[in-house]
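We call the chains A, B and C, going by the order they appear; numbering starts again at 1 in every chain.
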Amino acid sequence: MNAATSVDPAAPAGSTAGLSKKRPLGDRTFQIVTLVAGLLVLVILVLIAFSTSQQASSWFTTEGIGGIFSKTWDTNKNQFGALAFIYGTAISSLIAVVLAVPVSLGIALLLTQVVPYRWARPIVYVIDLLAVVPSVVWGLWGVLVFAPWLLHIYTSVGSTLTGVPVLGSLFGPPVSGLSFFTAGIILAFMITPIVTSLSREVIATVPAIDREGAYALGATRLEMIRGVVLPHSQGGIVGAVLLGLGRAMGETIAVALVIGSSATITSHLLAPGYTMPAVIANEFGESTGEFKAALFGLAVLLFVFTIIINVVARAVVARSARRGRGA
Amino acid sequence: MEQPEQTVATNLPRPASAFQPSAFQPQADGPQGETIFDVRNVSISYGAFKAVTDVSLAIHEREITAFIGSSGSGKTTVLRAFNRMNDLIPGARLEGEMQYRGQSLYSGDVSPIAVRRRIGMVFQKPNPFPKSIYDNVAYGPRINGERNKGKLNEIVERSLRRAALWDEVKNRLSTSGLSLSGGQAQRLCIARTIAVEPDVVLMDEPASALDPIATGAIEDLMRELKSQYTIIIVTHNMQQATRVSDRTAFFSVLTDPDSDFRTGVLVEYGRTEQIFQDPHDPRTQAYVTGRIG
Amino acid sequence: MTVLTGQHPKADLREPRSWRRAKNRIATVLMVLSFVLVIIPLGFVLFTVIAKGASIISWQFLTSSIPPSVLPANVGGLGPAVLGTLLITALATVIAVPLGILAAIYLNEYGGKGFLARFIGFMSDVMTGVPSIIMGLFIFTIWVLHFGYSGLAGALALGCLMLPVVIRSTYEMLRLVPDSLREGAYALGATKARVTVTVVLPAALGGIVSGALLAVARAAGETAPLLFTILGGTSTVNLNVFSGPNTALPLQIFSNASQPYVGAQARGWGAALALIAIAFILLIAARLVTARFSRYSR
């Protein structure tokens, strides 16, 4: 029997020397390092919540809960009500979702049900391309090219609908190229990739057996989609839509450039408006004191809203995935 | 070396199936080597499920021991217990005593890492790493601290020669291990295992995923390796067991008719010819004659 | 029973009634239309950026200092912004990618189905939805207020954005590595850390790199996190990422977009073209890596 080397913890075959050895230090350290890296996620989220709330504390104390619901935003009079921005965020995001969801669903169904495999790849590449266009480029194009072009359309629509009961208050004058609706359209472009890809994932989990069952009964493709695919994936699709909504709410730069920077609450979608992230982006640099605290307050609200929407969205997707697998 | 004896069953009819003794006759009741593994009343559970109950046997040095039995009888579970691979399954628990060369394998201060460097394993489905052939074989020595290039080259060549793979791959050691055929990949895995100079090599159905010719090559390899390593193999191929093994352990599923409780048990253990030609237990006889399993 | 006149009712194999067929056709058309609806703005944007940006892109543009906005397009360039984007994005990558990989290793190799691992995985996904401007404000509060504006601060903010993305994509890749590889390494007596680093990571490397490249592509185009961390007012190159304000392409585009001067706008288009080019290169690189090096894909 050879002598065990001192470097090698495993003695040569045929001996039991060295069989006892504590767990190597490197192994334990590695595990701890990975755990710390994982915890970093939670630490960052908590720190975000704390640090922004702290900076916003003077706004919370002066305005209180009423600040969330107050329409008055006047930097000179030190009055900072958040409602106009919450409204703007909500409206522009809703427009985006209304426009993007049918399109995204259409593409997702196109990719999974209609298109043969070889054509799916190029279509996915196009969607990837869409996803990779930076927000600021959308904004640049929006403010310099798209909005002026839209203004023509808006003006004709606006003048046609002047005085018309419901539509007039939505699409009637005042109209501006930089408006809620323009922001909504651009947001729709931006959230389409994520809603599409998530819907695709969800739809792909529909078992082929169920789909074939519908076809075997003589259904057309549309009937199969309505009868099997959509009911099966509706939970996941709802989750995907919520995620798109969250993304639209948080989108800053493109919106800041095309929304018109006017803190007003109005039903006229073609009029300029403002959103929480947009006002922060535009005004933070110059702000001081109370103003700054108010902007931080808006940031806290935005953080809370998007966290809630994302948590709900992810939970919905996870639950429908579980149910799908169990079914 | 003694003259191999032909044993002929006298009181039981010779099984009708083609259990012809092959040209290779395992030593009939000669002196047995040192006891490598001493298993005493071992039961292994995964959580609430008791996979195997009250197994006792002894594995001897430089022999090939075969575990046979139907699926679910616990033979793979016992095999994996020898190199602490069951530790990787959450909820796995071993009761009883399992000793390797006189030292308990499952006492608190024993390192599974060190155990596995002594007791290697070849798996049912060849699992070469997505690395070059050279790096596959060199992996074990490298994690043992061997850095010397010359030494590594020597180890790689020696292991590949012993695994009867050297001639086929010596000119393409840098190509991926995944490019080998099933039989070659399994020999690579065997080379990888013996590169760390283990004491024991465990094999979990090593040829079941291979075609008959590759299987033959693996069996020849096993007989050659026997001169240096103790080998335990799990196999569901009874002819294979008769071809290569010195001793055989037959496992079976025990079902409690009332409670539907199932567990694996060791039914009989002895020299291979005795198990196949003169089984003592009726369950063994039923299995080896093909009536069940 | 054969009927002399007409067909047996069960042998009627004609198409279903025309209304069902029509609805099906309409639906297919709508689906194709939705894809077209997406190609149009994408094409429009790309066309505009390339058309307006190509005329200003030149070596001079990519290397000269930033002139006052009022000056026309052929004066100066956006060199500092180009360099800033490259440096800051690279720094963010170096910070976020290793941490993300380590966290994903924890989730897949150590955490398993435990509550903490599932919670971290869930919150990491939630974190991908946090608006980028919040990350910028966060780093502003805990770093800039103490250490001033710097490229590093910007990199930290971008890193926070990239981290959950890298975690998710790396985790998915690690999951795809078959357990039989791990078992083979364990059976040779490797410790868990060694198995992970020497067998699992190399096997998943193609997919991990591809996912990281996509995260970098996203980070390179982000503006909001940089607004309050690198400040952006600089007109000359600042190579020191650890101190002093800096600028980057997205920031320049943002400020130039609201300028009335033609020169500034032209520079904005040039920067947009440069930015899109960077993002496209990273996207294509990611797809290539997946195609050539990703061993286990879905």
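Convention: a contact is a pair of C-beta atoms (placed from the backbone, for glycine too) under 8 Å apart; a residue touches a chain by one contact, two chains touch by 3 or more.
Remember, predicted model here, so these are calculated numbers, not experimental data.
For chain A, the chain with the farthest CA centroid is B. The most central chain, judged by C-alpha centres against the centre of all protein C-alpha atoms, is C.
With centres defined as mean CA coordinates, chain B is found 55 Å away from chain A. If you average the Cα atoms of chain A and of chain C, the two centres end up 14 Å apart. Taking the mean of the C-alpha atoms as each chain's centre, chain B and chain C sit 50 Å apart.
Among the residues of chain C, those touching two or more other chains are numbered 189, 191, 194. Among all residues of chain B, those that touch two or more other chains are 113-115, 117-118, 144, 196. Residue positions of chain A with contacts to 2 or more other chains are 10, 23-24.
Contact residues of chain B toward chain C in the complex are 83, 85, 88, 90, 113-118, 120-121, 123, 125, 127-131, 139-140, 143-144, 189, 192-193, 196.
Residues 10, 23-24, 26-27, 30-31, 33-35, 37-42, 44-45, 47-48, 51-52, 54-55, 102-107, 109-110, 114, 123, 125-130, 132-141, 143-145, 189, 192, 218, 220-223, 225, 243, 246-247, 249-253, 256-257, 277, 280-281, 284-285, 296, 299, 302-303, 306-307, 309-311, 313-314, 318 of chain A are the ones that touch chain C when the two sit in their complex. Contact residues on chain C toward chain A in their complex (touch as defined above): 16, 20-21, 23-24, 27-28, 30-35, 37-39, 41-42, 44-46, 48-49, 99-100, 102-103, 105-107, 109-111, 116-117, 119-120, 122-135, 137-138, 141-142, 160, 163-164, 167, 189, 191-194, 196-197, 217-218, 220-224, 227-228, 250, 253-254, 256-258, 265, 268-269, 272, 275-276, 279-280, 283, 287.
Against chain B, in their complex, chain C makes its touches with residues 112, 178, 180-181, 183-191, 194, 198-199, 202-203, 295.
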